[in-house]
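The same chain A turns up in both complexes below, where it pairs with chain B and then with chain C.
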Partner chain A sequence: MRAPAPTRPQWPRRPVDPNRGGLPWVLPAVLVVLGVVGWPLVVAVRESLFQSSLVVPDDRTFVGIETVASVFSSSTWWSAVAVTLALVVVAVALQLVLAAAFATALRRLTHGTRWLQVLLLVPFATLAVVTAVTWRDGLTAGFAPAWFGYDVDSRSASMAAVVAAEVWRGTGITTVILLAGLARVPSSLREAAVADGATAWQRVWRVTRPAAAPAIAVAVVYRSLDALRALEAPLMADAAAPRTVSTLVWDTTFETFEVGLGAALSLGLLLLAVLVGVALAVTSRMRRTL
Partner chain B sequence: MRPTVRSRLWAAGTAFVLGFAVANVGVLVVPGVDRWVWLAVAIVLMITGAVGVLLADTARPVSFWAVLGVELMLVLTVLPLLWTFTVATSPGDPPTSMWPRAVSWEPFGGVLAADGLRTSMLTSAAVAAAATAIAMLLAVPASYALVRRRVPGRRWLYLVLVILLVAPLVTLAGPTSVALLDVGMAGRWWSTLPLSLLVALPLASWLSVTVMRAAPWHLRDAVRADGATRRQELRHFAAPALAPGLLVVAGVVFLVTAGDTVAGAALAAGPDAQTLPASLLLAAQTSPAGNSEVAAAGLLWLVPVLVLLLLAPRRIVHLIGRTHR
Partner chain C sequence: MGAPSLWHSGTVHRKGGVAVACALVLAVSAACGGAAAEQDEMAPELVWYTGPDRVDAEALARECTVQAAGNYTIAVESLPTDFDERHAFLVRRMLAEDDSIDLFTLDGSLTTEFSAARFLAPIPEDLKEPFAEDVFPAALLAASDGQQLVAAPWWYDPYLLWWAGATAERAGLDPSGPITWDQLLEGAERTGATIEIDDPAGNAVPVVLNALVEGAGGTMLDGQGRSPRVGLDTDAGRTAAEILRTVGDLGAGEPDELAPRRFAVADATFLLAPSSVVSDPALVGVGRELQWTAFPVVDEAAPPGEGAGLAVPLYAARTDLSYDAIRCLTSTASQRTLMLESGHGPARSTLYADEDVVAAYPLADVTEPSVRSAVTVPPSPYWARIRSALLETWEPLERIEPRSTPQASQDEVSDAVAGRLP
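Right, the complex of A and B next:
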């Protein structure tokens, strides 16, 4: 009888992580994003170094960072930045106030909340260009001048139409986001605050606001950046209305076909969006953990 | 919590004063048939005030601040839709009253009959369907990995996704058209695909992450523990737990991509290859008299949107509302 072969000592095996190897699942999406974003970004940087126009394709001169520098030293750019930021502040503030009121009201309802939320999403689902046209007509030539008898050619009416289109479009979705945030506030917490003798204002500021803070942060950042990139309503506004950065980029690239200047303006708008986004995300402590 | 009597009386008083003010403006300032719209709103507000006073000291759990808020919400949401309908049914110069005076269905017929807009609708649908299909194929595995698997730099990838979701598309429109011209790929119907993908892919990934996060993964673990094969896992876990949510995500992504103006307006090869929003933008810029057709097209666009919203209201509200944790 043969003696059993000596078994080799085995190191204890590491338990296999069932969640390992996620990279191949993500890689195709990353590569496509790199293609559709990286490629145009490289082209934008390259084109911003040239003075070129699609109208005269052969007339292409290397100017270095002169175009970019001229954008940042131009009063047109800074005026457009000021108008854009004013639009963002006014539109987002109005949206937040209205959405907070609507969300608080919906939170108290016991029936029909879901259908009302569906109704609230209809303005957001309406084509932005249609919203822009109807609000422009309504406030500059339609029902509003007929009701209140103001000058239809006024510049403020055009700006009001841009803000109204933006506010109407975004209030519903902001309400839905804030309502989900309010649902996070435990009723026991509110009842405890009432039992402790907190006033209505203290309950809103010290109980509801902190608990709903993640939703408020998402709403502020998302709506601000959406207002910052709004194109349809400012584009549809009266010619007398001040231009936003988005319309400046659009006009330069697709109306006068100045590719180099358009690319420089595009880079400027991207930088502005990043700065606004980072500032808002940091100050509102936005987080969305995976 | 039952509102206090004082809170109800304040709400009732506010509703009544607001209704009184609206009625006064309606009677003294607003001309024509729109006066009745104002009066209707005023009557509803004043009735709310009266009912609020009557029910202030009862045990009913109704909050009149909530009722007032919902009434204002309905007014601010529905009246602009009424105005869109009025514009859509008043061909020619813009109407000057919110209530439609002479309803004409011609613009709706014009939208459906006009070759240009019908072709635009088909182009929009084709481009959006292609972009949605590609985006979902890429986004579903990516979101699964982001939620359930170990991915190096996961948080950074997610941050890039969020940035792309809110990035101004117009900044990449010009460079993309130059890039397509560089390689001789401009001027085709699918030239809008790269920018459309930029709308569709981040949105599909963002919404799919919400679906993946909400899925009951413990059920999959249980199915696996019971020795289920891959096919059984798909049939008994993925199909019921993930497929409905992902189907709604695909619907939302399709509609958002088809409704995007920038890609179609910036990269369309010509009038025949324009998407619907691009055609409407052009129509509104070139001929103010065509605004009724623009509004009519907008209302027709709402038909598929409403179908999706009414088919899956709970899922859509969840997808859009639960964008934070």
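Right, the complex of A and C next:
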């Protein structure tokens, strides 16, 4: 007698519900994100409710939202916000103009484009603190004062160094993003514009800009948020330079060791980043519908 | 094959040579390694972080290593000169429970903070009395947290008034008696002299300001908690502001560690500096022209003073050895060396009773009474931020507004202590 051949069990086939099936698969990632982003946020919120100093362990008092409220009523905070936003606007505008020029030039090149694209990313791969120190020393003590004959102690030299470090660091990556945007502009569109007798300015503004708009929007949002949280250059700047929000957070937490206030300030910085992000998203969407 | 090449013929010797060299290297490295290991076992190395001051710490460490007779050796490391960097460096190390610092020099103004933060290993019972014995009250205060001694008092420098040659006489001052601020400022204005302030450790302006307020009958800060009584927005604070503003208007450089250098090259300059400036290399050029007297008086004698103590971190590996090293470094003999070679004021008053010492220390007749009346900054665990707030509001000196600066500074100090943004 022969044993009956084992039959393969028949698993019931469940119909795939496109709205349900994914959750178990993304759950680990969601948990990791919650752990990495959510937990520090919870700790920051909790710490901001206490008045506490890292160096005086006995000194920890619950004060509720008093610290957070005091931040928003402080002139130091608002002047730091103003300085930070000014840095963002100036640095991002300069990066966009320079990167647009670089990207246009690169599109015209026929040889070595790949190498140049890699070279463009070198500043971005350099340690930010090295960039910051180099520009600071160059503009406040090194070549620049000697060439242009200005006062090395001036506040504006320190601020220019901060902007220069940020621009130097971000222009390459912005160029690469804009190049991708330019590649999206079909050459037929440009040729048609030429055939229709559009001027050079019209071709840039009416044809290239709208077609490359998504890439420009990405570049603006990315560089703005990066400039917003820039720490190295403002931190390395001479004491005379005005303080940005990130340096205020640093000074409070790691120089004064006032943890509660530091947590409140970093929540403020987070709120600022969210506001800037939302504002940019809304304006870029508006621009795209125009 | 023709004549044997040198290379070939040399092979044997070369091999032999290599063997000999190897043997030698092995023997030497074994000997060295052995000796080092032996020394490690016998004498642990204590790392002493010190400065900024004018003490020859290396020489002192060598002397105490000899006295330890093989129990330990003392290695010297430097602390950052900048006050904020020094504070952040030490606090971060202590918070991280770093055990690589065996003993360190603690600014008198930071003693209370380090004690409140529980960064310091308690002083052994049997050393409490020897550490405090015959110590000047001001030096004792600088090494205490307001209640008890937490570091070993080491040096205590009163600020003095210095000048070269006949600058004081030309300004109409009589250095044989106490000089008042009114006389000094009036004389300096008339003769076009400037007044430099030496700041070797980054604390000078707050220390001087505190003493001026005290000398004018006020109290700059009272209370160790989050809401101390700040006495800047007072008549005494405004008097101090007027004095410092006039000093700024006289046109000297900002108070810093280069002041002695500027003093040495300028024609008519007064210098406010701690006693140890006498050993500053910048003053070599002034030589025998150098003159000094007690710090100018506002209403009552209250010269500013700064002290340093030696302390042991709570997480130091061998606190008993660290404290033994401190006992040696702060001994009367060590303080005598410190006094005679660096000009720092000793914390122990017995040195002024030693006639040989007094004869070899020309500052003695001025420094001794100065230390007795000296004013140390008030004990507060928040001194580092009080100092920052004071520097932010009182520097540069020529921008002080006697009417508004004391009040603005009072608010900023209160905010800083309370942990609010200004």
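The rule is simple: the second predicted complex is superposed on the first by the 264 of 290 C-alpha atoms of A that agree within 3 Å, B and C clash if a C-alpha of one lies under 4 Å from a C-alpha of the other, contacts with A are read in each partner's own complex, and residues count from 1 in each chain.
Following the convention adopted for this analysis, contacts are C-beta pairs under 8 Å (C-beta built on N, C-alpha and C of every residue); 3 or more make two chains touch, one makes a residue touch a chain.
Treat the numbers as computed from the prediction; the structure is a model and nothing was measured.
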item	value
Room on chain A for both chain B and chain C (clash or fit)	fit
First (chain B), second (chain C), both or neither touched by A:S70	second
Touched partner set for A:D59, first chain B, second chain C, both or neither	second
Partner chain in contact with A:V221 - chain B first, chain C second, else both or neither	first
Of chain C and chain B, partner touching more chain A residues	B
Touched partner set for A:T208, first chain B, second chain C, both or neither	neither
Contacts of A:G138 with chain B and chain C, given as first, second, both or neither	first
Angular separation of chain B and chain C about chain A, which is computed from CA centres of the superposed model and rounded to the nearest 10 °	80
Partner chain in contact with A:F254 - chain B first, chain C second, else both or neither	both
Smallest separation of CA atoms, chain C relative to chain B, angstrom	6
Residues of chain A at both interfaces, chain B in one complex, chain C in the other	254
Residues of chain A defined as touching chain C within the complex	51, 53-59, 61, 67, 70-71, 74-77, 248, 252, 254-258, 260-261, 265
Touching residues on chain C, where the partner in the complex is chain A	84, 88, 91-92, 95, 113, 116-118, 226, 381-382, 384-385, 388, 416, 418-422
For the chain B and chain A complex, residues of the former touching the latter	1, 7, 29-32, 34, 61, 63, 65-70, 72-74, 76-78, 80-81, 83-84, 87, 93-98, 134, 138-139, 141-142, 144-152, 154-155, 157-158, 160, 162-164, 166-176, 178-179, 182, 194-195, 197-198, 201-202, 205, 209, 213, 255, 259, 261-262, 265-266, 276-277, 280-281, 284-285, 291, 294-295, 297-298, 301-302, 305-306, 309-310, 313-314, 316-317, 320-325
Parts of chain A lying in touch with chain B, wherever the complex brings them together	17, 19-23, 25-26, 28-30, 32-33, 35-37, 39-41, 43-44, 47, 98, 101-102, 104-110, 114-123, 125-135, 137-138, 141-143, 145-148, 168, 171-173, 175-177, 179-181, 187, 190-191, 194, 200, 214-215, 217-218, 221-222, 225-226, 228-229, 231-232, 235-236, 246, 249-250, 253-254, 259, 262-263, 266-267, 269-270, 273-274, 277, 287-290
